[in-house]
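After this come two complexes, each holding chain A, first together with chain B and then together with chain C.
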Partner chain A sequence: MQSIQTRRSRYSRLLGGTFWMGVTSALVLGIAGCANYMTDQPAAEAQPAADLGPTDVTSVPRARFMTAQQYANMIADVFGSDIQIGTPIPPLMRSPDGLLSTSAGSVGIPGGQLMQLQRTAATVAHQVVDKGDIGKELPAHRSYLVPCKPKAENAPDDACAAKFIRSTGRLLFRRSLDDAQVAEWVGKAREGTERLKDFYAGLAGVLEGMLIDPMVLLIVDTTEPDPTRPGQLRLDAYSLASRLSFFLWNSVPNDAVLKAAESGEIQTPAGRARVVEMMLASPRLEHGVRAFFDDMLHYDLFDSLAKDGMVYSRESGAVLKDAREQTLRTAYDHLIVRNRDYRALFTTRDTFMSPALASVYNVPAVPGWAPYSFPEDSPRKGILNHVSFLALHSHPGRSSPTLRGKALRETLLCQVVPPPPPNVDFSAVEDPDANLHTARERLTAHRSNPVCAGCHKITDPIGLALENFDGAGQYRVSEGGVTIDASGSLDGKQFNDPQGLADALHDHPGLPTCLVKRMYGYGVGALTTDVDKPQLAWLNQRFEASGYRVPDLLRAIALSPAFGNVAERPAAPKPAIKTTSLTAPGSVAR
Partner chain B sequence: MTHFTRRRVLRGMFNGTAVAVGLPLLNCFLNDNGTALASGAPIPQRFGTWSWGLGMSKSIFVPKKTGPDFDLPEEIEMFAPIRDKMNLYTNYNAFRDAAPNLCHTTGWVILRSGSAPLNQNAKPGETIDVTVAKKIGTTTRFPMLTVTATGDPRDTQSYESATSVNNAEGSPLALYASLFGADYQDPNAKDFTPSPNILVRKSVLSTVSEDAKKLMKQVGAEDRARIDQYFTNLRELERQLDRQLEKPEPREACVKPKLPPELATGVDHQLVSQRHRLFTDLLVMAVACDQTRVFNATYSKSFSSTTKAGYEKPHHTASHEEPVDPKLGYQPMVSWFLRRGFEEWVYFVEAFAKVKEGDGTLLDNMLIYASTDQSFAKIHSIEGLPMFSAGRAGGRIKTGLHIDGGGTPGTRLGYTLMKTLGVDIPSWGTQSNNTSKEIGEILV
Partner chain C sequence: MNKTFGVLAALATTSLAASVALADGSESIADTRTIGYVTTDLHWAFHQTQDVDKDCPEGLAGYGPRETFKELYPNGGPVEKTQLARESLKFFPRDEPMKFPYIYAKGTLGVGVNLDGKVGPDDYVSATGEQGIDNALQKVLGCNAQFRRPEGQLQLFGNKFVRTSTWNRTLIEITNVDSLSRSDNVEVTIYRGRDPVLLDATGEGVAPGGTQRIDMRWGKPIIQHLKGKIVDGVLTTEPIKQGIYPWAIYNDVPTLLNWRDMRLKLTLTPERADGLIAGYMDVESYYTWLIAWSTHHLSYGRLDPAEFYWALRKMADAYPNEQGEMTAISSALEVNMVQAFISHPEPIAGERKMTDAMH
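Let's turn to the complex of A and B:
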């Protein structure tokens, strides 16, 4: 039995030191009304560390509908990025764990959406077999996407059709089609060819069908008995290949990964390790990493974001598009290309700059995207000071310390700030008098209401430190003629400017544990629950030991037993995140 | 009397293959006031919804007079041209019972589904438009269309089930492509040649359906239900293809609209208005050309985020932060935003009323149901909710009335409209929102 001291020591290590333990305790005890919003920290009792993680933890087998980006990546990877698809799949609703992608395991496909998918399938199929147009410099896709030429273009050719169906079907279905399946599709190709008097049109009909086949559009976790754990289940080789591929690449497995599934190699520890290393080294990793951060950082909101042109004349649609791109580029470069500490993403001055963004940052512009480093005396430091975070979490015509503070807690620290109770008295939040010039003055007035104060205390001191940046992310020193006071605090750490906030966030123990939680949930495609705590605790240890290197975390998740071992769970799992009840006496005026 | 009024069988030859397609059309799908299209075919019923966010400013919204010729207070004075084509319903309640009052959600969910949601992520299930579409939307190319003037596909109030959302189309251009793109068949075209691709498509669908069946055996109960839904929708897709094999009835009012422009992203009120009008015009022709008989249109989402250039707060923020002007007795900017929405409602109704059909207008043969999320948004009130309807459902509904609901369930309007459209249900809604009492004042 472990002593209390031993357990405390381990807990302390997991949380990053006694300082943060004390801070966390103080926060939990000190904020009435919003005290229990905090994320459950990893349990003190972690599983004994195994090389690859706890062996008795499992994930849940699910059927996930492909997301819009996964569908787009699949088409691009199988047929090429010049195939146009439109937007056949709408964005998902965000699930309670803060990710869009984990709701893919519970959404249904209504009839209207299936019709849209069918129309897209027809368009894609038509393009794949088109014969191009030299005059318009359009390539003949059929010449390289169909691996053979039919004996005659107006008659069936079962052998050639079978060749296309086997090779393309394998990539789309993410497993080899058996002979009966191939025969079925070849029969359909023959029928279509005879009816339309066109071999390629017949083939297009088959491809159109495949592209709305639920076995293609659903990522189904199929299982098999686990020989190493009698009586228990694991993903079969193909499902494991798919899970790895959608996790690391946000797309379908390629030929090499499928070969490892077909041979069974992927089910051996060494084989799986080889496959994971190959995937981590692939250029497709960039798609996967960007997709994860796009989801985690709520960048889907950019799709409907616009700024008030009368207030922020420089903030065009091009600027907002580039703002999203800037942070994603920075994240990929920092975390993967340079393999730097995840926490330093919030303090690095290295980024990339585009001409459109240069006008907002007020820095010299060079054509295209170019590496750029904010100088040491710049107020910009880390991705919190990027236009993306600052503009996304503001109002169209003004900044919002509350929205920024809430976003930081929810997206980066996995905490939940409760919504205002429905019957809150907003009289203290009404338009203040004209003598209040700055956001700090206005929010101080708001916080005079004890009902609002509970939650504003946990958001505003963070957001106020970013007030040197307006609602478009442009730097400013004053508001309403008054010099901005950008001092603030984050869970007990005080600072005087945005750089100080960046440092405090860098040192916050919730920052890496939140990434671990989100990334694991993203990888297995499901909400994390109490059942996952040992797995998360182990991953937290590994992440810390690696110096918070994301490639190591990706590897640790992908190779962990829980990633491939599956078991159904009782209905309605209890979320690992605790939130206050809706009747909590806190309110956040946004 | 309910019987098959026609059963058309098309027999044709496509590349040597015989085709036989039967399309039953039931009496209950048609109006019964004797009106007909120029072709002699009976006029079908149509149903639409329209939604706006953040309720009303009660003191300048609720007319003093009930019944016909009701007065039009300041906030709705723009209703004058359509007053006799619509009904205004005030003082109806949504009851949350033991469920929490989820800000900007509970109200509209009750009015659209009849039940109070337990949390933001779990809607109670099928919404009224889906129920009606199952009744009257089964014979058109699109069983239902859903659009949003906000541009965000997630701004929808249409659910097939708790987790199956009918996302909205946010781009008029994309809606145009779906409606009037390559697969569109002009009902007034002299010649009709069904595409042989349709038969190929149908044939392949049988393989796809078999795969869906196989998949159902491989997954757990929860996933099975979702795949079963997919399978059902595949069958519906097959029926859609069948319909494309038949020559459509001529539609006198149908004119293929012009290609709409591509719009910028954003919810500035002028942009929203532009998007709303483009969508409206497309929906009018979608109905006139009988591409659909059921549709949903969102002007602003429940958390209306509409903005006004130069005014720093979006509508929702203003609803909470703008004080009630002591002299005026309402929130001036909040009312300004609401009025922009009500102007769009007028455009919407007039657009359908401008199209001639049979002896009347398209609107005469429609029912449009409009609802919101709150009554007084500042305090998230769901008591005293306002609603509108427009159209006469082929002469079954009276218009030009202001009805005071007296605090009775708002679900009564949805129930009344569903019954009018032939949805045979003894009651609608759960717990305190359950009702079997129609709003008798509007029934002919």
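Let's turn to the complex of A and C:
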């Protein structure tokens, strides 16, 4: 197995005046803990508190590829939100558990993507050290992102370079660099400066190298012996800091979290509790919570969602963008700011409104985003009745009770709806008889085929209750001139309208347990399995006891022993990373 | 009370009614008795078919600034006696009489309103057979390419500015509405809106359901009140003596259309209002409005300003001055609007209630 240190050196050697040239690589990441990567880290002597959850449950160490949003957050948090990054990382494929993030541990990285990452790294590095332009109102980033001034701008300054490398590298690598690592990067900065006669260009070269370093781009779980469980492993302090940070902030740890890792405090129950409380109180929590719900609610689909403008003239791109934002704002406000019951997210009338979105809801608005409450007699309550859910789970030109029912079961109740059989006849719904005016009538005809009936029985009674909202999420009372019958049922509970569905979902026992399952899997970056049952059972208990408060669930997950305990390494670990490289003629790589 | 929350609270009270208004037709008007619209498109109301030769057997306008200049100064000459002289005439058209042939639109079909209640020899007949349509402006500009749909450039730009520039949101608010099908006494108020219109999914049209705040500062001069009635879904207002309607304003310099006997005739639905603004356009201010367009724009339609001025004067048909010269010309604008929520400003405590300036 190729060691991470070896790989780091090889990547570093690629640094030079032109850096990457003609290199294509494919990385295949697998389940691979990198044990004892930081074995010099002092092990904290502490016993996990008994009420933090089962102590014999572990998670699996992984190497995960950073998501596009995590990369963007990292750059914004380390260098500022005015640094432009483009789109260096493509979307992930959704994993069987319904989350994107848990597939980040098994992705392929083609050579073309490495080139894109390198291009972004060069762009970011250039911006970080630029000298600004007053005429174009561009700030001199170097004046505040580089913590010192070189003695001369056209000559190496090892001391200044080391200061930048040590401070910036610590944030990017999510761990302190040792003297040897710093010296290696300083050498590269010197080499670049001498070649280019520009201290900042040399520094930019080093930063570019850091930004394409696998240990920056991959979130690697490294382990150490667990003193509380002899013979077992736990995440080392830095990996625990990263896991917490990507879970709660969807970004890299900040200085305070890294200090807690450096001191070992984060490995003690009290220390971890202090860090978690600090992270829960941070404004960065909003990024983390929004990222989780964006993932859980499949909002990546908004990136490719389009409505037929001839059918839904109000559903512009601005409306769809705001629809996504509305529900994320509502979720954060409801769950975190107001600390309300998670289940009530599906019955609350409180939300936020933008002018573009207000046109679809047919309500007045004020400029910008503003709090808004649907009146008590409004047909809308809860995020199921938001445009986001209704439009996302519809066809471009018509609503779909089936897609809505399927989405509710799969994303909110963690149930699996089988795909349609390959020989299914969709003509009853796609090329309907003109006498079938409503979706209910069309689906009833479709269900006359017993092959179709099985699945539709579990989706349609849910989705038909949302038929008062068309494929754009606009309220309607009739379709094809026929008054809509919005009655339905959810696992035995009957209702007559969308509000009834919202109430039924609120009371469904699967609603909170699904959130627990998704959130725990999201936090540890892995699909949950039978092994996790005790942990999930304990979290469900805690969640219920807290009155279904999400901050309490976040805290319980983050503090649970399972969050930091890892399974023993396999006896014969498979190679974690396979790398192939083709060096182009004339490449400077040596 | 926080001002934003106050406004929201005020808006929220009518939101459901508004929501149902679009879903259920006019029934919910019973609650609010109010509906608002924002102007999205205006076109000068000229009868037009696809067949240019039939509409204008003499062809389209042929003498624009470039053609007249070439004919007047075939050998060029000193700038002050050629280019500047001609440019000066744009602003002082009375300095020289009409010199070139002007193509007037002929035909008997016209678009507009019977403004004087009479049927005269120069009046048009509408496509639906209504007699006595007064629209003398159709005679002046009906055969000018700049004013023909859909590519007529002045209208194309004017409506583009509605979507992109800041001064072009003109609203109407209809109050005292019993239903959009029939209301015996409604009041119509014209306002200037402060907010951008909402583009629809095509990126070009305007979606209904937007919100417009009333401009009670710079928009005060255009706040106007009309009385009317709705019969069979058509709003017809009584004329007001003097009316203003903003259009095609760019560079944030208000250039207003000044009408006499201005009135509205609009077909109303919960989502749209389409129809006519009609009246007698003040000739001098209309000329000023039109020549605000650069000479190159006028050139595209071969509309020489000085020649146009005299044509306008010739066809003017109302409001004679002391010399017996007509000072206004019958005309109409086709107007398209979409429903919008109109947000009234909250009165500020201790401040005198705002009143509109002109009426």
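Observations on the model:
Note that in this section the second predicted complex is superposed on the first by the 509 of 590 C-alpha atoms of A that agree within 3 Å, B and C clash if a C-alpha of one lies under 4 Å from a C-alpha of the other, contacts with A are read in each partner's own complex, and residues count from 1 in each chain.
Just so it is clear, contacts are C-beta pairs under 8 Å (C-beta built on N, C-alpha and C of every residue); 3 or more make two chains touch, one makes a residue touch a chain.
Because the structure is a prediction, the values reported are computed rather than measured.
Of the two partner chains placed around the shared chain by superposition, chain C is the only one that A:S359 touches, whereas chain B remains out of contact. Once the two complexes are overlaid on the shared chain, A:P371 sits against chain C while remaining clear of chain B. Greater residue coverage of chain A by touch, when chain B is weighed against chain C, goes to B. Contact with both chain B and chain C is seen for A:G309 once the two complexes are overlaid on the shared chain. Of the two partner chains, neither chain B nor chain C is touched by A:F563. Once chain A of one complex is fitted onto chain A of the other, the partner contacts of A:F495 are absent, as it touches neither chain B nor chain C.
Applying the stated contact rule after C-alpha superposition, one finds that A:P396 touches chain B and leaves chain C untouched. Taken together, the two complexes place residues 308-309, 317 of chain A in contact with chain B and also with chain C.
On the chain A side of its complex with chain C, the touching residues are 307-309, 312-318, 355-356, 358-367, 370-375, 377-378, 475-477. Across the complex, chain A is touched by residues 14-15, 17, 100-103, 121, 142-146, 150-154, 160-161, 163-167, 174, 177-178, 181, 183, 196-197, 199-201, 203-205, 207-208, 211-212, 214-215, 218-220, 222-223, 226-227, 229-231, 233-234, 236-237, 240, 264-268, 271, 307, 309-314, 317, 320-323, 378-380 of chain B. Interface residues of chain A facing chain B in the complex, by the touch rule stated above, are 61-63, 86-87, 90-91, 93, 95-96, 106-116, 118-119, 122, 184-185, 188, 191-192, 194-197, 201-202, 205-206, 208-209, 212-215, 218, 220, 222, 303-306, 308-311, 317, 395-398, 419-420, 422-424, 426, 429-431, 568, 582-583, 589-590.
Taken together, the chain C residues at the contact with chain A in this complex read 4-5, 7-8, 11-16, 18-19, 21-24, 195, 198-203, 205, 207-211, 213, 341, 343.
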